[in-house]
Amino acid sequence: MSARPGVVGYVAKRVAGALPTLLIVAVLVFGLIRMIPGDPAQVMLGDAGDPQAVAALRTEMGLDRPLPLQFAAWLGHALRGDLGVSIATGEPVLPLILQRFQVTASIVVSAIALATLIAVVGGLLAAWRHRRGLDQAVVGVATLAMAVPSFWLGLMLLLVFGVKLQWLPVVGYVPLTEHLGAGLAYLVLPVATLVIVESGVLIRMMRTSALDVLRLEYVTHARAKGLSEARVLLRHVLPNAFAPTLTLVGLALGHLLGGAAVIETVFTLPGLGRLVVDSILARDYPVVQGCLLFAALAYVLVNLAVDLCYPLLDPRVTVEG
Amino acid sequence: MPDRRGGRRSAILGAALALLALPPAARAETLLRARLNADILSTNPGVRRDENTDMVLQHVVEGLVAYREDTSVGPLLAERWETSPDGRTYTFHLRPGVSFHNGAPLTSAEVVWSLRRYLDPKTHWRCGRELSGGGYARVVGVEAVDTQTVRVVLDKPFAGFLATLARVDCGGTAILHPSSVGPDGAWRAPVGTGPFRIAGWKHNQYLDLVRFAGYRALPGPRDGHTGGKAARVDRLRFLVIPDPVAAEAALLRGDLDVLDNVTPIDARQLRKRRDLRLDVRAGFDVFAILFETRDPLLRDPRLRQAIALTLDVPGLTRAVTAGMGRPNRSVVPVSSPFHDAAQAQVPPPNLAEARRLAQAAGYRGQPITLITNHRYPAMFDGAVLVQAMAMQAGITIRLETLDWAAELDRYNTGRYQAMSFTYSARMDPSLGYDALTGDKAADPRKVWDDPQARALLARSRATADPAERQAAFDQLHALFLRDVPAIVVFNPPRIAAVAANVTGYQGWAAGPQRLWGVGLR
Amino acid sequence: MRRLSLSGWIGVALIGLLLATVLVSLAWTPFNPLAIDLDHTFAPPSARHWLGSDEFGRDVLSRAMAGARISVGIALATVAAAVSAGVVLGTAAGFLRGPVDRVLMTFNDALLAFPGMLLALGVIAVFGAGAGSMVGALAVAYLPSVVRVVRGAVLSIREREYIEASRVMGNSEAWSMWRHVAPNASPQIAVLAASLFGWVLLSESALSFLGVGVPAPAPSWGNMLASARPYLDTAAWLAIAPGACIVATLLGANLLSDALRDRFDPRGAP
């Protein structure tokens, strides 16, 4: 991290290196969605679509052209930032994705941030109190959290806090930008669900790597110098033990930003994940293609960002240009 | 609990903001909230459409004629009409005093413009084919006689002409003001004559309609899509809530006022609530098990009869619809005026006879694949029960669960052995039989390829005389029970749940929610 | 080798109970899990139906037992498929390096960047719902993580002196690979397989929840939960049984994978 050009070069190289990945994703998505039986013309016409009507609609949608031509046309536009328009609604795909992404991102980012915070505190405390009551309690809770299906937990929270106690709204969504208080109320349950199911594995990872670091000599050294336990944990253990947890945070963030379909379905949030699932079911090809390309891009960028964070934590790791 | 405090504080803050925003003397706007299970496809009636689109646009636009409560065709924008003796010429007289949402009065010019637009193949009108060369009759002329009179000429008599104009999936052949489209002919927004107009559409979130102050309702009580259509609230909001559990939760919490298309499963529970009212009608949808009659195994009608004989039709109906559906073995829905005593009989199950017939057909336990889907619980549950009931007579059914789009593809191409399916509501029994009957080679989705049935269907369509039509339907039904190209099992109920403070809600067997005439206490 | 901890024993007990249930269900269930009884729907737990009956009068206990067989069968088959394919590809990438590695890893990264659930959803939509396509879809979705772990393990082991020594002694590349790398990487693979089992089980239920699960009328815990959803208010037992089965199995799999990790790699032991 010594020279800026090194970092810029590294980023450029990584982004360029991701291009084949994105191309493969594009081809896979295109191939897979077209292999699924049924097409948007049939879905749109339902049980009342006679063959002529279906064929006419198919032509209108441009679905009767050869597949490689359709792909080339789509890719050409995609490279210029134009992801086409939705077959079902006629909306342009990119603004649609960005609008849905805001919803997913606000939930996922806040949930992962909270889960990371909990993991750091819980993991450090458990490692510090290794093999004592607190450690066992933390590990037990984390292990249990890993065993609970997210949609099950979400439904239970919905039932208790939304329907029975009526503390929180159960359906709908208000963007934070429109109304902060109301917007937050809609986010509480989905964020809580995600925090619980995601924090289990993070806590355990944090604890394991903190234990590793606590065994190292310089920690003993730091303690011998008379530093307080809090200082030892925060100054010496945390920075050195955080990297593996950060990797997991990156993976979780990368995958969830592409759409948290299950959570979004339970809480009926207009997020990216539900958009993909609905579009697959409706065979809305341009939307599916756009969303999954976007999801893959988000994944690549988040992991790149995580890689760039390592040198900040551990000076021994350098970014190679 | 911090959450609770936060919620309350935000509610108070919200209320304060709302108060500040209103001028002091203004009357609070009344808002009625209903649900859509998916966003509408467009605002273009009868063109880019599905059932949700049709339902919403029925609040915005109107046609010359429309369905009455009893599924007969009645006047709407046309006050009356005459038919020429040869049955080819219809002369419509417009109701005076009607105006469009933009204030322009309704005249024959807009009617002619609208009808010609629909008949232009470039419009892709849903029912363009029915009224062109390949359909039932071709419209050869649309012209204005005077400012209040329009004449439509067909190439041959067609008894179902008015019913076709009234069809909801044809957008009710809505009469639109030409400013609904741009100069290039591209669709803009509907400028219609309905009780509401579109005020805002946030894709996949909600759609707002507001009361049209200049609306002139057809006098009289509410009657199908025709009379008594006044708006009783200032604003009508359709919230897009795809998940049924979430929609129900929203209703229970007071975030929704009307919830249409409640499944019987949910209705069972909602029935116990004091703060809600349920509106249950025997619907016009038709649940059926379809057979591919060209399949080597199912080609033998005796095997199909055997499967039909294993079914405990009332038991199956009760289990799938929580006791709210009506068992019915006929293509003619129980709520139809044509559902007479001849159609009402439901033969009891007879396992011994089923075994005998299956045996006689040479059936030796070969598995029969029954396609179903997860999207519609009734189709799924129905398939599960049919499988279990057929098992009791030694008939092996294997279920194949597809997603709805894939099942539709199989339906359209005829690539299946058996399929659990629901035909959407068709008001006229001719249309109901037409969905099933036809030439498989030309249109593989038709399940019943039988010359006698096709002749009877043509007869039911050629005449407007109810007695003659009834006779044709009764004969069709007898033939249908003998040939078993499909087993009709029940008509799913149409259930809506409305909050206790909602007034005037009235469900309709033949159609989805109508929110005109509905107010808030 | 260390002795099993208490939590390790709990894990063994839970998984043992699961396997016992599967074995018993092969021979016996209280009722036919597919038999409907329309006169006894929604029966709460009783002496006759220990875990109650469902919306069609089917016995929940029998269905949960049969569901164990199907859910566990799918999870085991998926893990076996993903791990065996992953070991082959990961070893090849890690050992051969060069262009083979680059091509394999580019594909792998593409699959990793693809949301796993959505990939599975797409694959199932193409091939239709069924135990076979479920296994295929989930195996493809989890394959990239296995490849990554195996390749990493191979790369680190490859650098060790004894492999070099083996090569100096004239053993062929392929022989060195088998002889040393496979056994040395197997502890990590065992740990991974145990966690994978839990993830797959979770994914199966989530896919059922999204509406593309094990085909009816065969029960799986996932589709039992999905069909219990509308009755949460009035017939909670329908959701409790499969939910508890999933939680217990996942807990067992996680504890067992912890125990395995401790055994092979005592560093992180509690």
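We just call them A, B and C in the order they show up, numbering each chain from 1.
Just so it is clear, contacts are C-beta pairs under 8 Å (C-beta built on N, C-alpha and C of every residue); 3 or more make two chains touch, one makes a residue touch a chain.
In this text, all values refer to a predicted model and were calculated from it rather than measured experimentally.
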Key: A-C compared against B-C, more contacting pairs   = A-C
Request  = If we define chain centres by averaging CA atoms, which chain lands farthest from subunit A? Would you check?
outcome  = B
Message = From the mean C-alpha coordinate of subunit A to that of subunit B, what's the distance rounded to whole Å?
response = 39
Request  = Could you please state the distance in Å, as a whole number, between where the Cα atoms of subunit A are centred and where those of subunit C are centred?
outcome  = 22
Rounded Å distance, subunit B centre to subunit C centre (Cα mean) = 44
Ask   = Can you list the residues of subunit B that touch 2 or more other chains?
value = 245, 375, 402-403, 406
Note = Within subunit C, the set of residues that touch 2 or more other chains is 125, 229, 233
Junction residues of subunit A - those touching two or more other chains = 36-37, 155, 163, 265
Ask   = What residues on subunit A touch subunit C, complex-wise?
value = 18, 20-22, 24-25, 28-29, 32-33, 35-37, 130-131, 135-136, 139-140, 143-144, 146-152, 155, 159, 163, 208, 211-212, 254-255, 258-259, 261-262, 265, 273, 276-277, 280, 292, 295-296, 299-300
Task = Write out the stretch or stretches of subunit B touching subunit C in their complex.
result = 244-245, 263, 265-266, 268-269, 312, 315, 318-319, 372, 374-375, 377, 380-381, 383-385, 387-389, 391, 399-403, 406
Note = Per the touch rule above, subunit B residues touching subunit A in the complex are 1, 3-4, 6-7, 9-11, 13-14, 38-39, 41-42, 48, 50-51, 124, 126, 129, 134, 169, 203-205, 239, 241-243, 245-247, 249-250, 252-253, 255, 375, 402-412, 421-424, 435, 442-445
Inquiry  = Which stretch or stretches of subunit A touch subunit B in the complex?
reply    = 36-39, 42-44, 46-54, 56-57, 60, 88-91, 96, 155, 158, 161-163, 166-173, 179-182, 184-185, 188, 265-268, 270, 274-275, 278, 281-283
Ask   = In their shared complex, at which residues does subunit C touch subunit B?
value = 34-36, 38, 41, 55-56, 125, 128-130, 211-213, 215-217, 229-231, 233-234
